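Let me begin by handing over the structure; questions about it come next.
Per-chain numbering from 1; labels A, B and C assigned in written order.
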Amino acid sequence: MDLFLQYVANGVVTGSTYVLVAVGLTLIFGILGVVNFAHGEFYMIGGYVGILAITVLKLPVFAAIAVVLLAAAVIGLLAEAILHKPLKSHDATNSIISSFGLAVALQNAALVVMGPQPQRLNLDVSKIPILASIPTDFGPVFLPQQRTLIPLTMVILIGVLYVILKYTWTGRSLRAMAQHPTVARLCGVRIQSVAVVTFMVGAGLAGIAGMLMSSIFFVYPVVGNMIALKAFTVVILGGMGNVAGAAVAGLLLGITESLTSAYLANGMRDIVGFVIVILMLLFRPQGLFGKVAERS
Amino acid sequence: MSAIIEARGITKRFGGVVAVDAVDLAVEKGQILGLIGPNGSGKSTMVNLVTGEMMADEGSLSFNGADIARMALHRRARAGMARSFQMLRLFQSLSVEENLVLANHMRMKTSVVDSFFGRADSRAEDARARVKARELLAWFDLQEFADRPVTAMSIGQQRMVEIARGLMSEPTLLVLDEPAAGLSPPNVDKLIALIRRLRDEFGISILLVEHVMRVVRDLCDRVVVLDSGKKIAEGAPDVVVKDPVVVEAYIGSGWKRRAQA
Amino acid sequence: MKPYLTGLGIALALAFAPFFLGGYETNVLMMMLFFIILAVGLDLVAGYCGQFSFATGAFYGLGAYTAAILNRDMGSPIWLNLPAGALVAGLFGLLLGIPALRLKGHFLAIVTIAFQTIVYLTISQWTSFTGGQVGLSLANPAPLNLGFVTIEMGSLRSYYWLTLAVSVICLLVAWRLAHSRIGSEWIAIRDDETLAAAVGIDTTRGKLSAFVASAALAGVAGVLTAHALRGVTPDDYTIWISATVVAMMVLGGRGTFIGPILGAVFLVLVPELLGKFAEYKMLIYGVLLVLAITLMPEGVIGRLRKRAAR
C-alpha cells in the first residue's frame, strides 16, 4: 500500500508536467484550431533557457523563471506569427505542416547552440529560502523538494489561469472564441490579439514545465517530442479547449503511466495513453468529461 | 393505388425536443406529394428521415413494399431513392458530367475491380454513363456545361443539375427539398413545367418540400402539412390551404415572428 | 495513353541513370523512389479520399519490420517479403480505417498520430521480437537464379533496378486506383461524404479501400528500404517521417498525383543539396518548409491548376 501511494505520487509529478504542457496545447488547439507540433519545443526551450539562466548567467531561481517566461513569450509570439496569422484562412493541415517545420527548425537550432549532449540543471532546492520549507515526507510517501515543486507550481499556475479565464475580459474572449469564433468576432473580440495571448500563455506554461523538469530529467534537443505527443492525448481525453478537463486528464495519465510501469511492464508505460485515446475516441468521442456534441 | 413510400408514426427527438412527432405520410405511385409547413415545423427533418440521412427513433418506413426503417443512406439510394438538397449540394471539385456519372455508379454491372484493370466492358459502361449524362443535360438544356466545373453555373442551373443527378440513378422516388428556393419567378414557372414532365415522362413519384405556395398548388396531387413536428392536415392542395388550422399555423407563426422582430 | 507513355519514358531514363551516376547519387535516387511511393500512397487516402493520416511512418515501418523479421526467422527473400510487407501493412491500414468511419478532421488526425506512436513504441520496446532500439539487420539479397542465368542482387545497381521496377508497378497501381471508378468515389467522399452516400456510393468501402491501398504501398516502400539499408531501426519510422511525407504531399499539391511526386523529389533533394552546411541543414530545412507552406498553401500543382483555370 505504501509503495502504491509512492507510485501515485510519482505519477502526480509527471502528470503535472503533462498538465502544464497540455493546457496550453488545448487552448491553442481548441480556440485557434491549430494542431501545434512545435509545442514540445516550448518545453525544450524552457529547459535550456532555465539551465543557461542559472548556470551561465548565475541568476537566482526566481529571476531565472522570469527569463524563461520572457523567452517563452517571444517564442509564443513567433509561433503565432508563423502558425496562425498567415494560415488561418486555409485549412488546418497547412498549420500542421508549418508547425512541423517550426519544430524541426527549433530542434536543430537547439542542437547547433547547445549540442547533442543531454544536460541537467544542478539546483539544490534545499538551499533556496522559501522553497526549502517545502516538506519532503508525506506520510509513507517521500518526494524531494524539486519534485514537489512541480505539482505545486502547476496548481498555482492553472489556478491563476482558471481565474483569468473566468473573470477577465481576455479570459471571456478566449472562451467565446472557443465556443463560436464568428459570433465572438461579431461581439468585438479581436481574434488576432486573442491568438497572440493564447500562444504566449501556452508557451509560458510549457516553458515553466520544461524548466522545472530540467532539475530532474535530462534536457536534449528532441526532448519535447514524446511530451508533445502525450499532451495531445491529454487534450483529447480532457476534451478540446477544456482547461479543467486537461488538468484532470493530465494527472490521470501521469498516474496511469506510473502504475502501468510499476505493476504491468516498464515498456508499456509510454504506450498506455495512446491506447486509451484511441479507445476513447471510438467509444466516447466527446472526451472523458464532455457532453455529447457533434465532432467534426 | 399502391404507395411507393409509406411512413407510419415516424418520430425523431433531439435531446428533449421532438422534431417530428408520430407523422404518417405516403406517396402514391406516379403522384406528387407536397410537404409544407412553417419554418421549423420539421419538414427537413422528415425528409432526412425518409432518405436515410437520419434514423427515426420510432415508426415504420416501407419503400416499394420493403421495410427500410434501419437501412443506411447509400442502400436507400440503391433501392431507388434520389434527392435534391435545400442547400445546393454538388461535388465541388468535379465537372458537371462527373457529378452525374457518379450517381450512376451504383447501377453499373461491372465492378470497381474491372474498372481498375480498364477492362473493355467496364470502359464501355463508363462511356454509356457519360452519354446518358449528356442526354440528361440536353434535356435540361445544359449540355454546354458538361465539361465545366459545377461552380461555373448559376444557382438555378445547379438546382437543375441536382435533379438531373437524381434521374441518373433511375429512381422510383425523387425527393425535392425546396427546389424553388432562390429562383426568379420566370424560373419558378420553368421548374413547375419541368417537375410535371419528370412525372409524366419518367413516371417518377415525387415528394416535394416547398415554401412557394404556387409550386405546391400547381403540382401536388395531395399535401401534408406539418406544424411543430406534428401533422395538422392532409388533403388536396386547394382544400388544405383554406383549412383554418393550417391558416392559423402559418399566420400565427408569422405573427409571432413579427412580434419578436 | 499519354500519361502511361510519359511515365514509361521517365522510368527508362531513370533505368539508365546509374551508368552516369556515382554510388552516392544512385542511393539518393533510390531514397527518392521510396519517398515517391510513400507520398503518392498518402495522396490516395489524404489527397483523394480526404482522410488525413499521420501514420505513413507506421505503415512504412510495419513493411520494413515484416521484411526484417521474416528474413531473420525464415530467411525469406525480398520477392516474398514485398507481398508480405504489403499485406501486413494493408491489414493494419484496414484496422486504422475503422476509426475513420466515425471520426473526422482533427479527431481522425489525432487517432492516426496515436496509432503511429503506438507502432513506434512497440517496435522500439518489444526487444525480444523486434530488436528494440538497436533494430535488426538483414542478410544480403540472394542471387536470383533464372535457370539459364543468375543475377547478382547484392550490388547497388541491381538493387536500384529492382527498386525502380517495383516503384513503377506501385505508381501504376496508384494511378489506376486514382483514375478509375474507385478514385472518383474517393473524390466524392472527400468533397461531401453525406452526398456521396446519398447518390449510392458505399462510403465505408471507399474509405477502407483508400486506407488499405495507402498502407500497402507504404509497406512495399518499407520492404524496399529495409533491404536497401540491410537493416531496420525504430528511429527510421517515426512520426517525423509521417510529417515529412505529409509535407511532400501538401507542398506538391494534394489530390494531383504528380504533385506529391514532385514534393518527394524536392524534399529528398533539399537536405542533400544542403550537404555542405551539414550542421545547419535540418535547421534550414525546417525554415524552408515553413516558408513554402506559407507562400504556397495549395501546393505547386494546385497553384498551377488554379492559374490555368483562370
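Just so we're on the same page, a contact is a pair of C-beta atoms (placed from the backbone, for glycine too) under 8 Å apart; a residue touches a chain by one contact, two chains touch by 3 or more.
If you're wondering where the values come from, they're calculated on a predicted model, not measured in any experiment.
Chemist: Expressed in steps between touching chains, what is the minimal separation of subunit A and subunit B?
Modeler: Counted as steps through touching chains, the separation is 2.
Chemist: Once every inter-chain C-beta contact is counted, which two chains account for the most?
Modeler: A-C
Chemist: When the centre of a chain is set as the mean of its C-alpha atoms, what distance in Å lies between subunit A and subunit B?
Modeler: 50
Chemist: On a C-alpha centroid basis, what's the spacing between subunit A and subunit C, in Å?
Modeler: Chain centroid spacing, subunit A to subunit C, equals 32 Å.
Chemist: Counting only Cα atoms for the centres, state how far subunit B is from subunit C in Å.
Modeler: 42
Chemist: At least two partner chains per residue is the criterion; list those residues in subunit C.
Modeler: None at all.
Chemist: So in the complex, the part of subunit C that touches subunit B is made up of which residues?
Modeler: 176-177, 180-182, 184-185, 187-188, 190-192, 194-203, 255, 309
Chemist: So in the complex, the part of subunit A that touches subunit C is made up of which residues?
Modeler: So the residues of subunit A touching subunit C come out as 29, 33, 35, 37, 82, 86-87, 90, 92-94, 96-98, 100-109, 111-112, 225, 229, 232-233, 236, 240, 267-268, 270-271, 274-275, 277-278, 281-282, 285, 295-296.
Chemist: Where on subunit C does subunit A make contact in their complex?
Modeler: Subunit C reaches subunit A through residues 52, 98-99, 102-107, 109-111, 113-115, 117-118, 121-122, 125-126, 239-240, 243-244, 246-247, 250-251, 279-280, 282-283, 285-290, 293-294, 297-298.
Chemist: Which positions of subunit B touch subunit C when the two form their complex?
Modeler: 51, 53, 72-74, 77-78, 82-83, 85, 89-94, 98, 101-103, 105-106, 108, 112, 115-118, 122, 126, 149, 165, 169
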